[in-house]
Amino acid sequence: MGKLIDESGRRTDGRGPHEMRPLKLEVGILKNADGSAYIELGRNKIVAAVYGPKEVHPRHLTLPDRMLIKCRYHMSPFSVEERKPPQPSRREIEISKVMREALEAAIITDQYPRTALDIFVEVLESDGGSRGASITAASLALANAGIPMRDLVAACAVGKVDGQIVLDLNDVEDKEGEVDMPVAYMPNLDRITLLQMDGKLTIDEFKAALDLALRGCRQLYEAQRRALYDHYFSSAQQEVSK
Amino acid sequence: MSVSRRSFVVERLRKEKMKELLAKGQRLDGRGMTDYRPLSISTSVVSKAEGSAQVHLGNTAVIAGVKVALDRPYRDTPDRGNLIVNAEILPLASPYVELGPPDENAIELARVVDRGIRESGMVDMSKLVLRPGELVYSIFVDINVLNADGNLFDAASYAAVAALATARIPEYSLPEGSSTPTPTGNRIPLPVTGLPVSMTAAKIGDYVLYDPTEEEEAVMDTRLTMVFTEDGICALQKGGSGGWSPAEVVKLVEEAFAKAKEIREEIRRMLGIGGQAEAAQGSGT
Amino acid sequence: MGKLIDESGRRTDGRGPHEMRPLKLEVGILKNADGSAYIELGRNKIVAAVYGPKEVHPRHLTLPDRMLIKCRYHMSPFSVEERKPPQPSRREIEISKVMREALEAAIITDQYPRTALDIFVEVLESDGGSRGASITAASLALANAGIPMRDLVAACAVGKVDGQIVLDLNDVEDKEGEVDMPVAYMPNLDRITLLQMDGKLTIDEFKAALDLALRGCRQLYEAQRRALYDHYFSSAQQEVSK
Amino acid sequence: MSVSRRSFVVERLRKEKMKELLAKGQRLDGRGMTDYRPLSISTSVVSKAEGSAQVHLGNTAVIAGVKVALDRPYRDTPDRGNLIVNAEILPLASPYVELGPPDENAIELARVVDRGIRESGMVDMSKLVLRPGELVYSIFVDINVLNADGNLFDAASYAAVAALATARIPEYSLPEGSSTPTPTGNRIPLPVTGLPVSMTAAKIGDYVLYDPTEEEEAVMDTRLTMVFTEDGICALQKGGSGGWSPAEVVKLVEEAFAKAKEIREEIRRMLGIGGQAEAAQGSGT
Amino acid sequence: MSVSRRSFVVERLRKEKMKELLAKGQRLDGRGMTDYRPLSISTSVVSKAEGSAQVHLGNTAVIAGVKVALDRPYRDTPDRGNLIVNAEILPLASPYVELGPPDENAIELARVVDRGIRESGMVDMSKLVLRPGELVYSIFVDINVLNADGNLFDAASYAAVAALATARIPEYSLPEGSSTPTPTGNRIPLPVTGLPVSMTAAKIGDYVLYDPTEEEEAVMDTRLTMVFTEDGICALQKGGSGGWSPAEVVKLVEEAFAKAKEIREEIRRMLGIGGQAEAAQGSGT
Amino acid sequence: MGKLIDESGRRTDGRGPHEMRPLKLEVGILKNADGSAYIELGRNKIVAAVYGPKEVHPRHLTLPDRMLIKCRYHMSPFSVEERKPPQPSRREIEISKVMREALEAAIITDQYPRTALDIFVEVLESDGGSRGASITAASLALANAGIPMRDLVAACAVGKVDGQIVLDLNDVEDKEGEVDMPVAYMPNLDRITLLQMDGKLTIDEFKAALDLALRGCRQLYEAQRRALYDHYFSSAQQEVSK
């Protein structure tokens, strides 16, 4: 019996091992962006926005056969316990890269050659698992912007806490747990587009963790589809009622 | 935020259209000249921040967060806490934002909000001292513009003011003789004495209009941001590459001073705090 | 009776409330610049230079209908009590912006579309009111460069010191006074092109302060015209006497 | 390292050619799918470094150096030494490197190597403390890529691991009551408990191949870097803008785990250290 | 300062013209080969600086200011004060200056001036110590180029030397046992022992000319800056992408050493200080 | 009798005053670079690489009549006693400049107008005299890249130690000696292309020091030629034996 999971199998926030935190998804929340979305997962609060396709600038970066995709993951100074200086940290730069790669796998980039697409994510509050939540939201923002996609990307983290494999680490589990493993997944295409891990797992534990992560992603995927449906259905409603 | 990539033909056409309307006393969005767009303020939106507020002013959206740390005071103010205001116009806020460190627009925004708060005396910084010359509270106000649709100065100021007015910061004690501050476990409000109110107007041709949208700012000649206390004015910032006549400025300041009282009441209502006295009381140790 | 103004109404440097410090203006003091000027106001010592109109660089910043104006206000490390690191501070960046806007109002920018104009100001010694003095000098440098202008821009600060509205704050008044309000003004066009203020004023005090500032600007304006006259008249003299 | 200036026509042709070969189970350099290129490791190549190693993995060349300083521990780990891993893809390493501060590729490289070392527990950082919360050893690992020909992750990891495993650092003592650490004059090994092994594979079309060259990476769909301890896996990093099926990942991890044991033995042989116990013993004090 | 935007056609024509003149022993401005342009030095021009000097060398104008702070000594010189020389080629100095942090030209300028001063022993840094290893005077020399018309090295060096030679710095005392330095209220000169003199010559084709203008530097093959003490040479810096023959260098150094004595006397006269002994005496304690 | 040279005239590493440290030169050691070389001089270990001639980027830096040469001298963080932060120091920026000028004198730059040439040097271990060793190696890398050259550039330092003029300062002599004077020289053309000095010398001492430096350079020059010969001769051998 450890300190992060009690004898009845409850986690610090009362969840069971395979349970995800409360989730809220919203599409189209920013006026200027071509597409946008908002996610709350536990206390994570994250805004994602997409601009493009648009001209490439500076021009020599133009790709003749596909879209150039840029991505910025950024945490607000007040999003964490101790104020984070606003300039991008090495961690934020790495996450920006793996997020871009996770999302690019879903985008049909050759449909708009010689253009650029910017994906911006701002973490207003961070609570463990922010990169997964960011990908989940950014994927909705891409859909909202009308970017041609092969599938939605859903992402969450699994980990090992007090010796158990658990879904969707919260802040304290992320910091004090043994393992953190974020996964991004396109359920329809059965493709993993982000996979990171740190901490020690046996090979069998790894397989169980991956399996659990994919289940979490499928759950998020359903929520993403519902959020899109709600957004466009109610929009359609309004159009009709005009 | 740069508008350099805008088409100047479109800009010119829009300016003509706008002046036509203005000549009839109309604005593109139907508002009267002195009308503000709908304002909403939600506070305590970020639980990890000591204080936070999200402001919508029409389509302009700003979030501000307050964080606190213990630090040495600045050399020239040994007996006062530190106030640090920073602003970022996030790249997701507008197609015209360039990535990179804060540019002149973000820096100006932060500094004007800072002066409005600082000079109004809104927060009594002399009460944020643990040991003069050695250890004080540093109050960080970080402002993020989430959607830029004009009048960032007022929206950012309202967000910062609301976040400060509703913040609850961890209390520390530093007993005589000790050199390590210890948290008392209490969360205390900041010593807030009143609410400064920022008011901004723009001039297009001969017309003066309040709370300009991004479209209006793109064609304006000049702009004036005024910050008011209950009793008078505490900060000014002229913007844009045109000029104001002295008569226009005096008229504007008088008019806006009156109008600021209404907005102060509106903000108070949204923050759930009463008159100035009550606010002060609410924040007394 | 306060510490900055004595019972007979004298300020720390012996001036009356509405009196300006000793002023010296010089035009055309740098050889390489297209236009230049020097100002001494009290102990302020400031050099201004103008380069242009010239090619825009990088080219994508070109404005099709007007001149692109850049402005840099910079303080030398030795210009203040405690050495200032040479890289531009946030204060210098803000002043560069409002200075540019204050001067741009006077420049007929559509006469040279697709060109750039650089305005550089170096504060060699700072003594309160350096931004006003900088604008006053830069305006002369613009005239010296032959840039087409609607009017000259004159600028100074007023403030509140020991409860009184006074003209042209010196260093100690700037730091210990209650209010600082820099104003830039084009007297001929009756246009205020810079207006900043910090500190508390009643509306009536504000009106009095503004009025005093405009009087100061008109005084500087006369001095600017005299400096230009002296410069070009003596040049003309030399031409003739060759 | 940027490949943006590569010709996309050439890239496409190469990809087709490569797939043709792969369909016959062949790679451009003749290796089998799971073969690594020849690996060589020289240690103690820089005498001013506390530890150093140069790795050649085919034409990829990397040098890593270890330096030690005394410093405060990080606030959240007061009872552990500091480990700082930095990587530079030197401009002399490839025609595609841009001058300037480390870009996302160099930062990712450093962070993945760091995680592999840190999470494996290779160096027992709890033994690198002179006074908890006050003074600890800071271990700097600086990685330079000298020639970039693919699979920088594995080569950089081997170099860093080898430099740490063979480092001899100056010992300090900090007697109770004293505030200035003094060198004992001894050079001691780091408390090394085992060797993590990085394994990287790339997928091109349906083919999975280990230790990709730069040519292979230029056309790959996706990549996976796995770091293994004796008992399991301790770090993962997926790269590239394609995706892996879950079945592929599981198969790859199982296969690479087995293969990592061979490489660990090879590295041990090159470093002249025996089994894990011996390595641990050699570094105990 | 970059000359990249100059027209190369004009450059070439000018070079030809210049060589024609040089063949007749003439320079564009009529000077002889070893003549310096008129030199003027004004000191104490900035009252907030502890020392300052403005130098005109022909149309080249430079201002230098000295500021003093108390600080820790550098680790490798615990018993000496700190000397920090910084140079900026201000954007107002020339149409070829790019905005931004000091580029290689400004950095080279600062470092060559620094070496001339430091290696000459002009300021006895060992006398600027309040407590060895703990607290010393830091002498900041900031050099601004106001108008760049060639030979910045000499002009900057003269300005820095003049500012240091005439500086009056606030004296501090640090009594045994105390840890806070207190100002004595006195202003004392720096411990100056002599004046280093910088001499620069350029080679165009086969011609060697002193104190080159910007026009001459634009077409020169190579340049040599030499700094002399009373007794010999204390710093050298070759510039430009051509080369000197050893014979040319030896001849130049001998000739310039003699010429430096004249310039040192000229500078002394302008600073109002007498011979070396007197200067040293004037600055004692 | 000083502390750096003993009574029998031996230096700290046993050398006589005019003796150079053990030298090792290798050509063509990096696969990707167009040219490369490696030098060991005492404990100095330095890699040099050349890329080009190639397109100029950004394009506005193009020189219409000659090659644009860039040069970066950089020290690895672990190359010195106390870890050096990786970002270029002011010292490294200055050395990059004088190195470029020292090498440019040897390159026939007008043979490839409108192109760029990059010279990169990485000091893996530094032991006094690294800039001279860097130039010596970079010169070989240029030759290895087939860049048209007027001559090879050889470079070393001389100095004054315990009152004596000595060749090729080692680390401790560099730090504790009285004078350091690096010299680069093209023996065939009899041209000095780098000359720096700090410390005090009489004019006669300077002449002696310069003379000694040139002798050192000639010695290095022979070694450079031998290294090139070995490299190309053995290459030729291999060609033939295929």
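List of remarks:
Order of writing sets the chain letters: A, B, C, D, E and F. Residues in each chain are counted from 1.
Note that in this section a contact is a pair of C-beta atoms (placed from the backbone, for glycine too) under 8 Å apart; a residue touches a chain by one contact, two chains touch by 3 or more.
Being a predicted model, the structure only gives us computed values, none of them experimental.
The set of chains touching chain D and also touching chain E is given as F.
When the contact pairs of B-C are matched by residue number against C-E, D-F or A-D, more than half turn up again in A-D. Among the other chains, the CA centroid farthest from that of chain F is the one of B. Centre-to-centre separation between chain A and chain C, using Cα means, comes to 51 Å. Chain A and chain E have Cα centroids separated by 58 Å. With centres defined as mean CA coordinates, chain F is found 27 Å away from chain E.
Contact of a single residue of chain B with at least two other chains is seen at no position. Residues 30-33, 36, 43, 45, 47-49, 51, 54, 72, 74, 76-83, 86-87, 118, 120-122, 124-126 of chain F are the ones touching chain D in the complex.
By the touch rule above, chain E contacts chain F in their complex via residues 4, 8, 12, 104-105, 107-108, 110-111, 115, 118-121, 222, 224, 229, 231-246, 249-250, 253-254, 257.
Those residues of chain E whose C-beta lies close enough to touch chain C in the complex are 45-49, 52, 59, 61, 63, 65-67, 69, 86, 88, 90-95, 99, 101-102, 140, 142, 144, 146-149. By the touch criterion stated above, chain F contacts chain E in their complex at residues 61, 63-65, 90-91, 93-94, 96-98, 100-101, 104-105, 181, 186, 189-203, 205-207, 210-211, 214.
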